[in-house]
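The same chain A turns up in both complexes below, where it pairs with chain B and then with chain C.
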Partner chain A sequence: MPRTPVLDIPRLKTAEARLRAEAKRLLGEGAVSVFIGHAEGWDGLPAPFFATEPEEADRLVWNPLVAFNLAKYLLERLEGEGKVGLVVNGCGSLALDRILKDHRFPRERLVVVGIPCSGLLDPDKVLALDDDLRRAVLEEGRADAALFLKRCTWCDTPNPVVADILLGEPLPEEPVPAEYLRVAELEALTPEERREHFRALYERCLRCFACRNVCPACNCRECALDQWDPLWLGRATVPAEQLTYHFIRAFDVAGRCIRCGECERVCPVGLPLMEFNDKLMKDITELFGVERPHVPAEAEPLGKFADDDPDLEASH
Partner chain B sequence: MAQTQASKLPVAAGEPAAPQGWEPLIVGFLCNWCSYAGADSAGTGRMVQPTNVRIVRVPCSGRVNPRFILRAFARGADGVLVSGCHPGDCHYATGNFYARRRLMLLKRYLEYLGLDPRRLETHWVSASEGQKWAEVVRSMSETLKALGPAPRLGEWFGADLGLATETGPGEPPETGSNERPETGGQRDA
Partner chain C sequence: MATSPVPNSTRLVSRSDLGAWLRALAGERAVLAPVAVGGKTMFRELEAGQEDVVDLETVRTVDSPKGALLPQTEPLLTYAAGKGEDGAATLKVAPAPSSRPAVLFGVRPCDAAALELLDKVFLTGDFVDEQYRARREATTVVAVACPAPARTCFCTSFGLSPGSERGADIVLYGRSGPERKSEPEAYYAVAYTERGEALLAGSPASAVTEVPAGEDGRLEETILAFRSLSTPLGERLGRVDVAPRLDGLFEHPVWEKLAAPCLGCGTCTFVCPTCYCFGVADCGAGGKGVRFRYWDSCKFPQFLLMAAGHNPRPAKRARTRQRFMHKLNYYHHRYGEYLCVGCGRCVDACPVGLHLPLVVGEVRGL
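After this line comes the complex of A and B, so read on.
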């Protein structure tokens, strides 16, 4: 049963005011040298924003469209001096936890401001609405279920799992049984049909690497896809290489994917990339009994083993 | 004898039927401590076994990156065999336990992408099990003979791009042209 996300405008507005105040205090006291949040971008949508002066904190926004997982920007701050402030909601904190569990950023250099989140909208879908409708959605909170981010419908972590400062009351948490409906549909097809399905989709891939760049689990120091020696991935955008690319991308985050679905959301040609990640997550649950493979706190399933794991030799 | 046994296996539809005299090419990743020695003892014991496996010696089955396996299939392997010490007997104590999880997941993932899962096998062969090694090679060769040539990654994914240029025993018949494919997908390993 998918969860029904809620758009709570007054709650978001309160959180925004408190976020600005908190960021201003942190920057003013020198507790952080930069605060990573969202600000209004050129197209009216929230864009990642790096506040370095207390007065810049007033430009921070917290509204129904703050869809980015900001944690990935920490990797650009590895070299810098001083602490980094970061605002996260539930899924943002999973992304952050992924990076922390992968030892890619020192926890002691972080000040995390957490905001419990009941649901966010997909910016692209909201942008496509006409002006009146958009106003009704963004100001009065009258959003129907289809406008929400996909990940909100399976979210079981509305409250940040990592936070130094929590703004607002925690929301009630309830278990959401994972459903991989699309994967089950695909599994029911014949191998030929599946091959054709993936071929038709992935020949559209532009190899822009947006899905890799946005992914909080794709945080290796050197990406296999960028390596020249060995050349894992040929540079020609031919179907065989497209499959190689998506094979490597999904399998390398197997067991570490936080199921935020950002890869899918940022894809300029709208490829349903989670069909790969969900398959791996579904199998991890089925084979190794990991209930919530998307939660980094439950140590990554491929980084451990059990004596009674399914016997691979007997499976042939 | 072997033929009748093999013909019982269903051949996946849509994959090319094996040409006359075709032999499958199997890439075997063998751990240095058990399976490589096991294969060696099969040889020194003069056991009769098919010659379809090309062996790559790795320190441990845990060393086998799933990308190696994808690469093997992309470059013309009809099957991939990963073989290591029995679980619990790993030279590095735990390497094959990690491999077991990873390969289990990989096998199901390859199946999801549309490759016949019987083309990837994992076996635990110790240094003294020459007999078992010979049996593994025999049974896998027969399975693959029944399945026929593997779709090259390009074809598997929809188009033949001439990516797999290395020759193997199962090289498809000559087309009579030596020109490079127009797609420019050719490159060396």
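After this line comes the complex of A and C, so read on.
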């Protein structure tokens, strides 16, 4: 059963007020040199925001549309001395933890403000509503299940897994049985059908790299796909290269995908990119007995070496 | 700016005959039109049977039709190195095969106007891009006026309109005008160029019929109604006027602020109908191969990376500045107009809300 997310407007409003106060304090005391959050951008949509002065903290927002995970911006802050403030909800904290577990940002340079989250809306779907309906959704919290982000329907991490300061009471955590509905369809295909499925799918990829650039697990110092020598990925958008791009992307995040679905959400041509990621997660569960493969762990099945690995024995 | 329709060059096409018309146009020609692809609407070369499912209702295709003139991947030449009978090295170079004549069908007026902006780059000045020219001259553009501009449309900010004819050989206007709830039963097909006239003249009379006598007044009113439509974002933005203001802003800190959320993906540039930058690469082995060009993006950190390792635009600030200065200032200096037609794709597609109207607003506020 998928989880039923809840839009709790009073809770979001309280969190927003406390977030502003906390960020203002951190910036004012010099505890952080920048605070990364969201501010109101175009059309009332939250956009990533980088506050450097205490008074700028008043522009921070925390509302049903703060879908964008911010942790990836830490990679641009590696150079420099000051600490970085960052706001995360549950899935935002998984993104952050991914980057921390991959040793891509020093924990000691971070001040993490965590906010428990009962569900967020898909900004594109909300923008498509007429004005009255949008107001009813955003101000009164009357949101249909279909308006929520897809990831909220499988979220089992409403509370931040990394936080120095927690704003608001933690929410009850319940296990959500993993359902990979589209994977079953994929697995039912014959190899020939599957090849055709992927060929037809990736034919429409524009190779804009939005899926890679938004992904917290895609955090390599230099992406192999950007290299010219060796040329792993030819620049021609021909079927072989399209498959190469998507297979490398999916396999590179295998075992490290946090299932935030941002790749799918930002894809301009609407590719169902999570289908492949989900297949790999399902395999990890079945092959390695990892119940929550989307949650970063200290030692991960595809990232650890074990002396008693049965495959090691077999290879001797 | 509205040009009068060329006399005697207007026909009537009923919606139910569109498929037959497109079938008649195909054959010798490639016909590209908006069709449903995986839940989105995109430009594709029609395959047999697709003529009846062309989507003229979705206001905006995900991709622009620029790919018909500047394909995302386009072979330029083939090469083969070898040895002659005397043992001397030889190199055979052959041009890429020429493309078929094409009809670009169901293009929105903003996208049609964008083609003229590309023409200025590829066809004027000291260097004419022959491959682009060959495609352009073999392409007939059939636009379709927009009945209901989308929330993020702002063509009117650049002097265009949902019924403008710039860049189009033919414009289709829904006979029932822009105020309607369902698909029009028929379109006026108005030719604005000789190429457009020729296409209408060569179309089967069963599908493309004469406009009934006495309908001239209704035709003119209909065209005027489409051209008088406002666009939601255009109303907010007004006429874009920031080129002179940008002259002194190259080093302004606003670029740092604007660039901060940029993900460095190429979405805005690839869905944009007027972004045209490309790279050139070879694909081959053993001395034989193909040289091709491919879309590149100034938003990619590697865009200007030199072979020796130097990168003239290593910072996001510089890359973001480049994209918007190009559209709103450099192009304006060179060609006297903006490199944007207000299609709104960047507004829809940018994952972090960094788009041209936002930049125009910021610059005005400085």
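In the analysis below, the second predicted complex is superposed on the first by the 303 of 316 C-alpha atoms of A that agree within 3 Å, B and C clash if a C-alpha of one lies under 4 Å from a C-alpha of the other, contacts with A are read in each partner's own complex, and residues count from 1 in each chain.
Everything that follows uses one rule, which is that a residue touches a chain if its C-beta (ideal position, glycine included) is under 8 Å from a C-beta of that chain, and two chains touch if they have at least 3 such contacts.
These figures come from a predicted structure and were not determined experimentally.
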Contacts of A:F50 with chain B and chain C, given as first, second, both or neither: second
Which superposed partner A:A210 touches (first chain B, second chain C, both, neither): second
Touching partner for A:G234 - first (chain B), second (chain C), both, neither: both
Contacts of A:G270 with chain B and chain C, given as first, second, both or neither: second
Which partner, chain B or chain C, touches more chain A residues: B
First (chain B), second (chain C), both or neither touched by A:D309: first
First (chain B), second (chain C), both or neither touched by A:L127: second
Common ground on chain A, meaning residues reached by chain C in one complex and by chain B in the other: 234, 236, 238
Contacting residues of chain A [partner chain B, same complex]: 183, 186-187, 190-192, 194-196, 198-200, 202-203, 224, 232, 234, 236, 238-244, 247-248, 250-251, 254, 279-280, 283-284, 287-288, 301-303, 305, 307, 309-310, 312-313, 315-316
Complex interface listing, chain A residues touching chain C: 41-43, 45, 47-50, 68, 72, 76, 127, 201, 204, 206-210, 212-214, 226, 228, 234-238, 265-266, 268-271
Residue numbers on chain B that touch chain A, as the complex places them: 12-14, 66-67, 70-71, 74, 87-88, 94, 97-98, 100-109, 111-116, 118, 121-124, 152-154, 156-159, 161, 163, 183-185, 187
Sites on chain C touched by chain A in the complex: 37-40, 42, 62-63, 72-73, 151, 260-261, 263-267, 269-271, 279, 281, 283, 292, 294, 297, 300-302, 316, 347, 349, 351-355, 357-358
